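Each of the next two complexes has chain A plus one more chain, namely chain B in the first and chain C in the second.
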Partner chain A sequence: MRYADFTHHDLLLLLQGLGVSVALFVATTIIGSIIGLAWAMLRYYRTPLLAPLAAAVAELLKNSPVLVQLFLVFFGLPVLLETDLTPVQAALITLSGNTAAFVYVIAVSAIESVGREQLETARVFGLSRWQALRRIVAPQAAAFGFGPLAGLLVNQLQVTSLISVIGVVDLTKAGAILNVRTLKPFIVWTVIGVLYYLMARLIARSCARVETRLRAHSQWKGL
Partner chain B sequence: MSLTFDPTTLAPYLGDLAAGARLSALACALALAGGLALGIVAALMRTSASPLVRRIAGVYADVFRNVPFIVQLFFLFYGLPEIGVELSAFGTGVLALSLAGGAFTSDVIRSGILAVEPGVLEAAQVSGLSRLAIYRRIVLPIALRSAVRPLGSVFVNLILTSSILSAITINELTGSAKIIASDTFQPFEVYALLLLLYAVMTWLVSLSAGALHRHLNRAA
Partner chain C sequence: MIQIDGVAKRFGANTVLDGIDLRIAPGEVVSILGASGSGKSTLIRCINGLEKLDGGTISVDGHRVDDPKQLQLARRCCGTVFQLFNLYPHMTALQNITLAPIEVLKVPRRQAETEARELLAAVGLAERADAYPAQLSGGQRQRVGICRALAMKPRYLLLDEVTSALDPEMTAEVLSILARLAESGTTMLFVTHEIEFARHISSRIVFLDQGRLLADLPTDRFFAADGGLAQPRIAQFLSKMSKS
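The block that comes next holds the complex of A and B.
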């Protein structure tokens, strides 16, 4: 006989899944942003060979399904390299790489949004390329790129749900477990959906707050 | 450590892969039509004069954009039979893709509608055109024409999202690749090939959307 009612333990399972989803989202956002910004630096310094390679890899990652990337890393890499990967490791690698590709695209267009003449002026005044980036390009590019970045973060949170397919017990997998046991799909998936929705709103809300602060310098302050 | 990469052994499975690709293409084409229909209706509702209508369509777009597709898919796949709606897995997949696609499409078309100059609308109203005629002959042609390129990227996303349909036992492109990978014990080659296939497909779609956009919006 199966026990099909909801129990207190289910709440624990949901919380655990929520924690795994949030932790993976935060970790892959941080790792992905660092890698993506590093790729953008390759382009800023016009590194030969590496810069076009980074652009090609980013394009490939952007234009293929995350699920397939996940399968390639989780099922393919261990066979090719004869190593073992846990589902969490595979999820970390894939999601970080995917986030990096999108951060790269956003960073490149944000840097390009700052007029070339500003960079040239800075160079004429004797600033090094790094100083020009640090003092002149980056602050403006940050304000420009933050809007798209906020959209990306909301999207990447949803992408984390795919790791349930390779067996990571995240929020979606917790939902699948409860779905099979309780056979109440409407309630279970509604609860899971609401939790994701609230997290997405939270991310969007906090990003909007930071963005107003970044754009404070260009706002009309009144006479 | 031995690095072996031998894609030639996959040749006998290309037929299976092609069958999967056909199913993917069919699902995407149906979802594109469904998403476009839903998206146009939702966009018209979101730009309507009545706040209640705007609100309803706004909630639809908001929910389907902020909940992961796989959760929406499972909700429909497991939930619909519970309320007595028996759909095939493929039907459920197309329905889910259309619903999600409609939410994103409505965004694109809505901004196309908002970009129609108020003067044009006033001129149409003054000329005594009915509301339906204004929508059909003036608003939608302008809005859709300027929305072709962004619609192309919505379609690209739809193609990428369709890979998730493999999670509900549909053997579309990703689903058939999963079977091939476990048959050949060559997951790396199979999924690398799959990655390239999707990249080429989406690249072709965005190229043609760009070309169509330029053609429709060329200076007369």
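The block that comes next holds the complex of A and C.
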């Protein structure tokens, strides 16, 4: 006989899955952003060899399915390095790399959206390339890039659900477990879907608030 | 002294500057006239080290512009005002002016802000210190641009068609400030289409045509019938400009 009713324990499983999804999302967003921005810096400073290399890696990562990358890391990397990789480690590596690739693309186009004359003006006034980046280019690029970044983050949140296939018990995996046991797919997957939806809304709204602040200078306040 | 010796600049097959020799001594106000595309703005960009020279040398007070190590020192001698203002849109007027003094000259913030407010007051913008460029009119933006250049206490002020993007009323606002600067002994290299104004404030006029320096004469000689006007190309240019 199977026990098909919902229990308090199920809620715990759900919360645990939610926690794993959020934690992985936050961690890979931070790591991915740092790496992606670092790659964009290589390009800004026109670093020989490294800049084209970063561009090529980003190109590879953003043009292949995340699931394939995940399998490659989870099943392939341990063979190559002769080490063990836990599902969570594999998920961290894959999703960070994927986020990095897209953050790189967004950062590069945001930097290019800042008029060339802005950088030239700063340089003519004696600012170093780094000072020009920090004070002139980056603040303006951030305003351009934040909208696309918000879209990316919402998407990357959904992408975290892929890691359930290698056995990480995230929100989707928790849903799959509950679904198999209770045989109530409509209730289970609706709850899971709503939870993803709420998280996505939260990300989009926080991003929109930051973006408004970044664009404050272009708001017309009257003469 | 700004020394320009045999400077050449090409963009592909197009020769923009062709063996320019020019000296600008402290205290001079030199206007550069010439049709669009004659290389005036490119010459300013070369002095600023924004273009790689294809020949010749430029030095500002002995600092070679074409040497990356000396470029920084050369740039500190010059203040530039741009045709399209090039203000930093995410900074207030005050921040636009104080940025380089604080970051480059290491002036304490308070002192930089006090000086910036004095400059703004001198151009009639004391009340607009905290406005962003988007909230200012074109003439006001260019006045901020002039303050930003002056805040670096440059020995040479480079003005690149600073009134070309302004309507006649705003042009008058900006020109009156430049006239005051010229009278106070500021050294200026003034690229312009405002011929009457150039005649009024300049000690010397330089005429560029298709990348060549056709004339470099004291102002009264330039406009004299047996001086600059004796050259057909200059006479033609001046008569065309006075008709429009």
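Basically, the second predicted complex is superposed on the first by the 222 of 223 C-alpha atoms of A that agree within 3 Å, B and C clash if a C-alpha of one lies under 4 Å from a C-alpha of the other, contacts with A are read in each partner's own complex, and residues count from 1 in each chain.
The working rule: a contact is a pair of C-beta atoms (placed from the backbone, for glycine too) under 8 Å apart; a residue touches a chain by one contact, two chains touch by 3 or more.
Please read these numbers as outputs of a predicted model, since none were measured by experiment.
Applying the stated clash criterion after superposition on chain A shows that chain B and chain C can sit side by side. Contacts of A:I136 after superposition: chain C is touched, whereas chain B is not reached.
Between chain B and chain C, an angle of 100 degrees opens at the CA centre of chain A in the superposed model, to the nearest 10.
Of the two partner chains placed around the shared chain by superposition, chain C is the only one that A:L127 touches, whereas chain B remains out of contact.
In the superposed pair of complexes, A:T172 makes contact with chain B only, with no contact to chain C. Shared-chain residue A:Q118: touches chain C; no touch with chain B. In the superposition on chain A, A:A23 makes contact with neither chain B nor chain C.
With both structures placed on the common chain, the touch criterion links A:P185 to chain B but leaves chain C unconnected. When the two complexes are overlaid on their common chain A, residue A:L12 makes contact with neither chain B nor chain C. In the overlay built on the shared chain, the residue A:H217 is in contact with chain C alone; chain B does not reach it. Minimum Cα-Cα distance between chain B and chain C in the superposed model: 27 Å.
Residue overlap on chain A between its contacts with chain B in one complex and with chain C in the other: absent. Against chain B, in their complex, chain A makes its touches with residues 59-60, 63-69, 71-72, 75-77, 79-82, 154, 157-162, 164-165, 172, 175-176, 179, 185-186, 189-190, 192-193, 196-197, 200-201.
In the complex of the two chains, the chain B residues touching chain A come out as 1-5, 63, 66-72, 74-75, 78-79, 82-83, 156, 160-161, 163-164, 166-167, 174, 177-178, 181, 185-192, 194-196, 198-199, 202-203. Those residues of chain C that touch chain A in the shared complex are 48-50, 72, 75-76, 78, 80, 82, 84, 86, 88-91, 99-100, 103-105, 131-132, 134-135, 137, 148, 152. Chain A contributes residues 117-118, 120-127, 131, 135-136, 139-140, 143, 217-223 to its touches with chain C in the complex.
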